[in-house]
Structure formats: C-alpha cells, structure tokens
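Below is one structure; the comments refer to it alone.
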C-alpha cells in the first residue's frame, strides 16, 4: 500500500466527509482557548526535561517532580517552569541540572529570584532547550536516515507487543519478534503506571501486564532494536504509551530516545483511566506538539471504545472520535502522515455476516483518512480460551486488514483472552499474518464492492451517524458530550477524575514553550 | 461401541485409551537436531511415551518452538471427582426482588469495584450496571437492591470506607489482570485489611473475574467466587441466600 | 448458495466452454464402443449382488468371487453372469442365493445348463433383480423423504472424514462430528483395499489409515447417522469410495445401504492406483449407472492431480478432466446435479498472491459447472507439522470456499501432515469452518472482480489451456493421453496395471443389465 | 539479559525457566465442571504445576475437549545431547557423478519403491525421478547412476527380485503411512525377508519418509534413514560413500 489510498470503493458522499471535518474542527476550536490558556504540572515537568533535567533524589523521587513542588510552593508555576529556570540560570550562572540537584537537596531556592529583561529571559530559555531540541531533531533525522538506508517494511506493518514486565526479557522477545518479521515493537506499560503522577526512573524488571515506561527502558530497547534492525536490514520501529498523567513527559522521553510511534489519544485517559478531562486536553495538546516535532507517529485509541460498547452499534462513535483526534492533532501541527488513527475489528463473530460489516468499517476509515497510517486493532473482546478458534479469528482479521489497505496492523494473539503473549504466541501470530499478507497481497486491487450492497450501505450509514453525532457534540460541546457518555458509554464529569489539581491557568507572564516547536517543525 | 470405564479415564485421540495429547512449547536452545532431541527427551522425562516432535521451528536468538503429539499413561478416576458448588438455589430477577421485599423487608445493599491497579470494569459492570450482560440486567436494575459500582482502580481502603458508609451487605470485587498472580495479591490484600479491622464477618465478600471460581475464592478467604459466564442473578441469589441465613441466626 | 450458480464474474468466453464440452464428448465417444462391448469380473460380481447374492464361504471368500471363478472356468462369463443365473433359476427352480451357496460348496455346477427361450431368460433376469432394484429405489425415495422432512444443511456442505480403522470408533466419531455441524461423513477406506479384487465382508475393526468398505460397515454407519440426524433434525449424508478394482460392486452395496455420495472417478484408479485403464473405463461406466440410478452424488478426484503436479501449472488439467468426468457421467445418465466434480486449493502458499489464483480457479470451476455440487478439497500438500500454521491455511481455504460458492466443502485438518484426524482435530476444523461461513456468508454477493485483473486473467487463461489440452487429447485419444502422463504427470500403459485379466469382451449373447437402469432412471 | 544454563533447560513461556507449556486433549467424559476438574487432575498427576484449564468444550456423545497451559519442572541437560549423524560428506550432483566415474569406474545401481500397501510415491519420486524436488534433480538425472523406481504398492518380494535382477548396490524404500505403526511393520518385513534369504549384506538398505530418521532406521536394521527435506544428493552421497568403502575393504 502506498498512501494516500487511491480507491473509492464505498461511494461515500464527499460532502458528508467535509461536513464531519468542519464540525470536528468547530468542536476542537471551542476548547482551544481553554487549552492554550492553561498548563499542568506534567506539562511543566516535561519542560524541565527539555531543559535537560533528569534523575531522581536519594529517595527515588524524580527531580522534575521535586522542582514542580518547589515552584508551586512559591507560586512560581503559573509563570511557567521555563521562566524560573531561565532566570535562575542567568542569576546563578549554573546549568539547569546542577540547579535542579541543588533544589532537590534544598541547598538552593528559586524564591525571590531577581528579574531580568524579558528578551534576555526568552533568549536564555531558548538557549537552554537548544541542546535537547537538537537531540530530538537529530533523532528524527537519524530515523529518516535509517529508514532510507536500511529500508522499511511494507504496509500493513506488523506490530507486536512485548509485556513481560522485565525490560531485559522484553528486549530478548523483541529481537526474536523482529527476526520473525515484526516491523513495530510496542512495549506495553505496567498496569497502573498511567495513574502515577511521575515517571519511574532507570531500568526496571518488575511490572505487571507490562513493563514500566522509563527513559532508560526506552534507551535499552531502542539500542537493541537498532542492533537487530541493522542486522536484518530493516528499520524496526519502537512504540510506547504517551498517555496517562505523565503524557507530556513521556513525549519528551520518547522523542529523545527515538521512539517512532506513541499511543497518544486526546480522550483515552479521560474515558478509560478516569483522568480529569481538563488535565487531559491540556496534556495531550502539549505532548502532541512534541510528538509532531519529533516525527513520531501517534496512535489514537478509538479501538478501546469497542471493548465496552458494541462494535456494530458504536461504529460511528469510532469514526466521530477519529475526526476529533484528527483536529486535535492538527492543532498540535501533526500532519496526517503522523496520525495513526485507531479502529478495530471487534464485532461479535456470532453476528451473521459480521465480516462484511468489519470490511465496511475498515474500508470506511481507510478511505476517509487516505493519508493516515491508520492503526487496525485485532479481535480482543470475543476471543476465548480456545486458542485454535482465536487463531481463526485472527486470520480473518489479517484477511480484513490486507483487503482494506490498513497501515499499522496490530497482531492478534491466539491467547488474547489468557495472558500477555508468550514468545511462541507472538511467533505463531507473525507466521499467520505473513502467510495471509503474502497470499492476499493484491486482493485489494482485485475486488470491487457491489453497488448498494451490504458493505457500501453499512459504511454510508456509519458515516451519516458519525456526522449526526458530531452535530450533536458541536451543539453541546465536548465536555458535555463526555459527561453524557457519548464515547464508550462511559460518563465523566469536567471536574471529576484524577489530576485536576495539577491544572493551572497560565499567568500573563507565562513563558510559552510551544512556540519553540513552531519554529522548528516548520 | 467402545465402553468407557469411568474409573480409569485416559485422553482420547481417535481410539479409546490411546492417550494421545497435543503439546506445544518453546525451549531456550538453538534450532537443530539436538533441539529436537531435547524436546523429545523433555516429553519422555515428563512421563509421556512415543512422543513425536512433529515440528521444530527456529524462533531466532537461540530459541526453538515445538509441536508434539505424545501418549499419556496417566489415568483419572472420574467417579471420584466432586466439585464444590454453591449450595443455594439460583433465582431469577423477579423472584429475587420479591424475596427481598417479603423476607428481608429492606433493600439489599451491595458495593462493588475493580480494585487496586486493575482497570477492567467490563466484568463488574456486567454484574452491576443497569444494562447488564447478554440480556441479563445488572444489579442496578433490581428494585430491591441498592447497587453501588465504584468502577476501576479503587484502593481496598476506599472500597471499605464506602462499604461502611452505605451499610453494605456485600462487597463485590473484580480482578481481571492475573499476570504474576497479581489478582491473588490484590484479593488477599482486601481480606487482610478486613481482618485487620476485625470486619471480616461484617460483610459478605465476593470475588469475580475470568480466572476466579468458587473453590479458589474460598481458599482465599472469600465467601464465594464467580468466573466467566456469571450474571447478576447468580450473585444476587447467593448474597440474598446468605443475608437471609444471617437474619435467621 | 442455490444452484445453478447465477453469477458471471470472470467474463469467461462462453464459446470456449461450449467447445470444451464438445471436445470432451468427442473423446468419450471415441472409447464408448469399447466400453459398451466389454465387461469385467467386477461388473459381473456386481450383477450377482444385484441378484441378491451375498455372504462368504467358510474360508471367507465372497460368494460373488467364487461364482465368477466358476463361470470363468466354464466359459460362461462372456454371456454375462445374469444369463447363467436366469437359466439356472429357471432350471433348478431355486433362488440365486441358494444356488450360489450350492455352487460355493461345489454341490452344483452351471456347466451344461439347458437353454431357454430368450424372452424367458430376459424376463427371469429382470424378475430376479426386481427386489434389489426396488430396494435401491426405496432407498432413494427414503433419502428424498428425509431431506425434505428432516431438512438439509446449507452449501457449502461441511464434509469430514472418519478413518480410525474400526467401524465402531468411526461411528462414535461420526456422531460427534454430526452434532458439531458436519453435513457429510465420509468413511475413509483402509490403505490397500482398492487393490483387492474382492470386497471384504462383515463389520471390521482393523484397518490402516481407514476402515474397510463392507456392506455391513455401510449399514452400521447409515443406521448411526440416521439416528443422530433424526435427533438433530438434519439429514446427515454418508460417503464412501466407489473406486478401485471393486468399483461396481461397491456401487451396488452403497446403493442398497443408502450412501449419498461416492468418490467415483473415471480415471483415478488408472492414475493413482495403477489399475488397468481398460478395466477402469468399463468398471466406472457400470458403477456410475448404479450411482445415477440410486440418486447418489458422485465425487470425482481431480484434486489428486495437484498432489503430484504443481497446482498453478496444472490448473487446466483439473478443468479438462472435469469436462471428461462430466461426459463420462452423462454417458451413464448421471445428471449434473449428481456430479460433484472435484478440485482443490493446493497452490504453494509461498507463491505471492497464491490466494488470488486459488480464487480464480475455484470461481472458474464454479461458473463452468453451475449445476454441479462441486467438491472443493483443502490444502494437503503444503500442510506441515505446524498445526497452528495449518489452521491458518485451512481458514483461508474456508474463506475461498464461501467466497466462490462451493458446494461440497471438505474440511481441512490442522494435522493433515501428521495423522488421520483425531476427534478434536475434526472439532476444531468444524468450528473454524462454521465461524468463517457464518461471518462471510454473503461475501460472495458483495464482491466483483476487477475487469482484466489477475483473477479474471488467470481464470481465462486456465480455461484456454484446458481447451488446448482437450484438443490434443481429442486428436490422440484418451488412452494415448494417459500413456503420455497428461494427468498428474503419471504415465500408464493401456495394457499395464492391475486387473486387465478381469476384462473380457461380451459375447453376442451377453445379457446387458445396463438396460434395466434405463427403464428405471427415466 | 537472562543467562541460560544449558545443563538445565526448561520450557520458556515469557520468562526464563517459567516452564510454561500448552496442551490440548480430549477426555471421554461428559462436559461440565467435573470434566474440567478431571483435566486439571490429569495435568497435576502428569507432574505439571499450576495447570490452567483455559477452555473446556463439549464435543457431544460424552466427550470434552480441553486446552491447558501449565508449568513444567522437568529439566533437560542440553549439553549431554548427541544426535547420531551420517559420517560422510554431503556432495553435490556433479561431484557425485565425477566420483563414481573416477573412483568406482562403473555405474551405481539403485532400485527404489514405496512398498506394500503404501501408495505415496511423491516422496520416492522426489528422490528418484528425473524432475526431483525443489529444484534438486532426482537420481535418474545422474549420468553415472542407474536409478530404477518401481513406484507404489510394490511387495517386498517384487522389490527384492528386481534388486537381484539389476545387481543393485542399494535398495531405497519409502514409507509414508504410519498409522498404527504400519511403516514399522512394512520396513521390518523387508529386513526379515533379506535376512531370511541371507542377503542382508548384499544390498545397502535405505529407508525414507516423513516419520523416518537416521536413528530409527538404524534401529530397524537399515543402513540409513532419511526424513523430510531430503534431496537426491543426500542419498546418493551416502550410497556412494558406503559402496566405495566396501570396494576398499
């Protein structure tokens, strides 16, 4: 598959698609002023990381957290952490990391820093972030270089997860998977990390259902994949989760360590982790600025809606949300080519003709987002302990994917209902996908859908319903829509959930670091 | 027709008592004839006879995957198997509401949550939320039940506090993530907390999740446990039965 | 699927199809005089069975074999066994079974029987076969009755084999399979039975890779399937092999015991069992007369070609042979609705786009034989010991089948490369096929093939090549074609192979029993 | 990185030495909780720990199918494994022809067949016929080899007669059907026939087929055995090596 996707097999009404985009933009525009006028503790921590601050104190608390507490204590946060550090560096003539260390052992305080001319502060701030922003740019170039010199897999990319909880076992399994043909390796995060309001530090070997996302773990895995990729003559992409209460910080860490793909949704945390929506909208905006700048493909999480809602009834909510994620991404200047919008094959296989509806939905997303490296998720909800049946369901998923030109193909595992993948599960899954993709490689170009058939009609109806839903949201606003449980049938309150206490209004003196990305990403 | 001796049950491939089973596993040894022999020896040492390594596949990095067919000589006495089961009758929604009204004379109060780091609410929602599961309405839809679903990632302390506050009859706990026996840790934590506070007998304690069953839950110190395919009425029947039994005492 | 198959998706040239049929008819016509003027020991034995003769002598030799030896000894065979028995019955005033018993213990001989007026002999022969022919008619009606009262599965029919070697284990497994949704149960024959020039007798429990085909085994299985079918409210069809040196006898046995489907090819025995071709052509003709009369669906064995030849290169040989089998069937007055022509999905899955070619070939056979209950065989040759991979290959096969409207769908087994199916293998396979068929039920109607795409072109080319091959055969004759190894790349000589000594020219006095079927089947 | 102790190898699930394996089998017991418990007990009795019956499915007629994951404690000493292998060098077609010409000085004569009831000729054809297999030409294509393929369902007697008649150096036998160990019976029959006639040492005797390997063939009294993935040159190299060795003797 080469994007943009060229076919128009569903006879979709182009004006419906345009209308949906206008509505989605409107909805995002409604909350943009709020987003731009606020920041959060995690945004500020990520700015500290961009200044080069890392490490933990003797008790293991990350320096960025300690500093934010300090700034908060002295009511300096509203001006932005960057301003305090620019001033402190100018004043103490020390680098941020040294200053951070001193702050951490209470050898120094930022209280009562003398003021400097605004221009000097801005200049300092820019100079301070220069090295890491350059490192990010270099990583981006490095990726582009590897892709062009080593070569890339072909779409649909084979994407598998490792989730042993131990980064070293993960590395081993990731390498095994790469040798077997995986194009993308995702390291799944430990259960519960998303609700931590700090990022763990160093290499870790004890996670549940996943491995902690730490910068060191990112580095270790990146190195391993570069090594095996070099050997295989194929660049192996690395994925992690830019999600949860530390979304922006993880974006920085990922950008620095050359992750290639990040799970990064504008609303997932709200809906599935009960993170406060104000917090999330601000965090996602900033994290996406970084992802966009770093050339990282974001993956959105609409597939998750279908784990709590019925995949047939809620098909349009996925599409509507894709439109919103697209507009949120545009707001952070992420181009379509970096927007891996998510969707899934989750219809109950007991529904007669389930596959036809799946094809309709998959093709619909493909055609509406022709430039997006859309992410297609395998059956999970209706997987059972019968691994043989599961292998069949996954085979049909592979067929659907290659038939509809998906881009990022998450491999289904025959043991989905049982455990995070064993080494052999991943192997069997890769073998299956490779077989199907090879065998059906050009099926897509060989078939047309019957005019006004079930497939076309289901796709058209889904689009119509999505437009209807967006119209509704545009009227009531996104906050209200979330309160009404319009996504995944889960309702959240604007002031409920975790992390609201980390949100604050920027003061008029706030030093806005997002401007930096403007310059560089253009 | 082959006649089966239920005192001596063996796996059945295509002939009675042939003992044929299928296995697959990975060994951390490099692919090759020696690997194949290692797999065969593993099977022999595990007590199988005539093991056939039907395929050995190179996973890379010094790992090899095998599929085997082998014969087992292990026999099970099927006649001796007794599975502990819930003793009460399984009632329907309308019967439950009626019995609460007539026999208990007040609402039954039930709190539930998916505790600690676990965020899989679909299971507990299936039991508690209005909508229910597979056409079986959830506890919220019962007129005579006060059902309070706290959702996901609720700490044991929070859950206990809530149970106190609403004077709950029963506490329902869902645990879905089982990797490294996390569910056992979390479930045990709740029991310990209750015992610590001398409250273990104050509430009926019920666990549920894909890897939970009655036996396991009892072992962990719960009053009952429910696995896949449970509906609200299963849980409500049980809770009501026990609450009524307590009233009588 | 309802037959005749209505679509024309491949843009096939109808005149090519017509030409192929004309050529095939010509080829069959060329050897028809030979077929009609000859008979074989097995044809004669089957006539004895139609007279009601069954059982074995104390040494276990079937009476029909003993009698044929007797007739041969006295040069009576050329006149047909029916004539001798008609005469003997007239003369001794005994029934055929009694006479047969007496012949067997040499209490009596047919040597020097007095002659009777021709009309009287013909009449007697007809009267003698009346009861069993009626039994066959009744069985046919009985099947029709069951199908209409109990109900039938829907196409593609799920066809599984049992092959334990023990009829009682077979019965158990057949019932299990029926409960799991199987529509057709085939009892596979023991290795080597096809080369026996007699049919074993009674219930059997010792076969290798299959269970002996005996009339008693047929009866036992029929009874079991009727029982379970009654319970399930679905008629379960029974299949066996009308093939090998006893082809015509097995046809009689199957007709009497209400088998519903018979593996019954015009050339399989020649090619794959090295049975003499003269013998085979005569035997297959007579066996098909019976199958046609009994309302039994025959299944041809072209799928086997692809076990020795490459499925892509030899695709046209399958089609050419289908045309020949069709004409041979017409010669025996078998209507299209009883002609389950065979083909298979056997392309090496390592071939890029293998699935497209498979679809092309499957659709081609479907469209060219729109009324035939075509039989589609699963991957066998490229199955490996990796049962998980095998399950994927079989899933693709299931997809191909439902996408192209196949009629009789032989289930692939994940353990194909390993052993005849275990009970659980069959179950997993049925589960897979049911899932795929339910999920993709109407996919067929939802897709069209791209004009001049790979699929259409491959189908058109295959048809052209088949025409070319038939032209060649028409020129050289079928005997020569077989000698040249044009099918399955296996070459056979007209006077080579087994069973030629059982062939004889009918004398002018030969009493032709085929006439009986004419009357009844019309 | 986990370091592997090759003296103690255990199955690998997702962590070194976790011992995880997958099993599936059928028990002739009616579906239900008791069946599930029977499967669990079978696994425990077979020596596995923490067996998880992840699915139990009703096959009907009193049979139940199970999939299990369990942990194995069996260890294998990988360092002690030695697989007997052919001792000679594997040569290419052209080398073989050259060596026959130069060292043997006459044609090598090889007869082959698929014996007794077995009709699976694809394997023996792959070795013997002109066309060969996977791009590896068969023995018929060798200038210096007289290869006579008798085809399928050839009785042992017929094959032996032919071998005599052509003064064969080697007899190749293919056996594909293995149900109820039919292949072992047939292969043994051939050896016995040769021994009976005092001819066991007259011919090199080579077996092949999907379930044949060197070790098994040796046990059965053959000179060598070849399994899946064999090509003509493998067999020719072996035969030539042994024939030359005899000449030298």
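Here the chain labels run A, B, C and D in written order, and each chain numbers its own residues starting at 1.
Here is the rule we use: a residue touches a chain if its C-beta (ideal position, glycine included) is under 8 Å from a C-beta of that chain, and two chains touch if they have at least 3 such contacts.
In this text, all values refer to a predicted model and were calculated from it rather than measured experimentally.
Distances between chain centres, each the mean of the C-alpha atoms, put C farthest from chain B. Across A-B and A-D, it is A-B that has more C-beta pairs touching. One simple way to say how far apart two chains are is to compare their mean CA positions; for chain A and chain B this gives 33 Å.
Mean C-alpha positions place chain A and chain C at a centre distance of 59 Å. Inter-chain spacing, taken between the CA centroids of chain B and chain D, is 44 Å.
For the pair chain A and chain D, the distance between C-alpha centroids works out to 51 Å. Of all residues in chain B, those touching 2 or more other chains are 12-13, 16, 20, 22, 24-26, 52, 57, 63, listed in ascending order.
Shared interface positions of chain C, defined as residues touching 2 or more other chains, are 172, 386, 388, 417, 419-420, 422-424.
Chain contact summary for the complex, chain B toward chain A: residues 24-26, 57, 59-61, 63, 65, 116-119, 121-122, 125, 151-153, 177-180, 182, 210. Of all residues in chain A, those touching chain C in their complex are 349-356, 386, 388-389, 391-393, 395-396, 399, 414, 428, 431-432, 435-436, 438-443, 445-450, 453-455.
Taken in their complex, chain B has these residues touching chain C: 1-2, 12-16, 20, 22, 24, 52, 54-55, 57, 67, 69.
Those residues of chain B that touch chain D in the shared complex are 4, 6, 9-13, 16, 20-29, 33-34, 36-38, 41-42, 45-47, 52, 62-63, 72, 74, 76, 78, 81-83, 85, 211.
Partner chain D is touched in their complex by these residues of chain C: 165, 172, 175-176, 179-180, 191-192, 195, 208-209, 272-274, 307-308, 417, 419-420, 422-424, 427.
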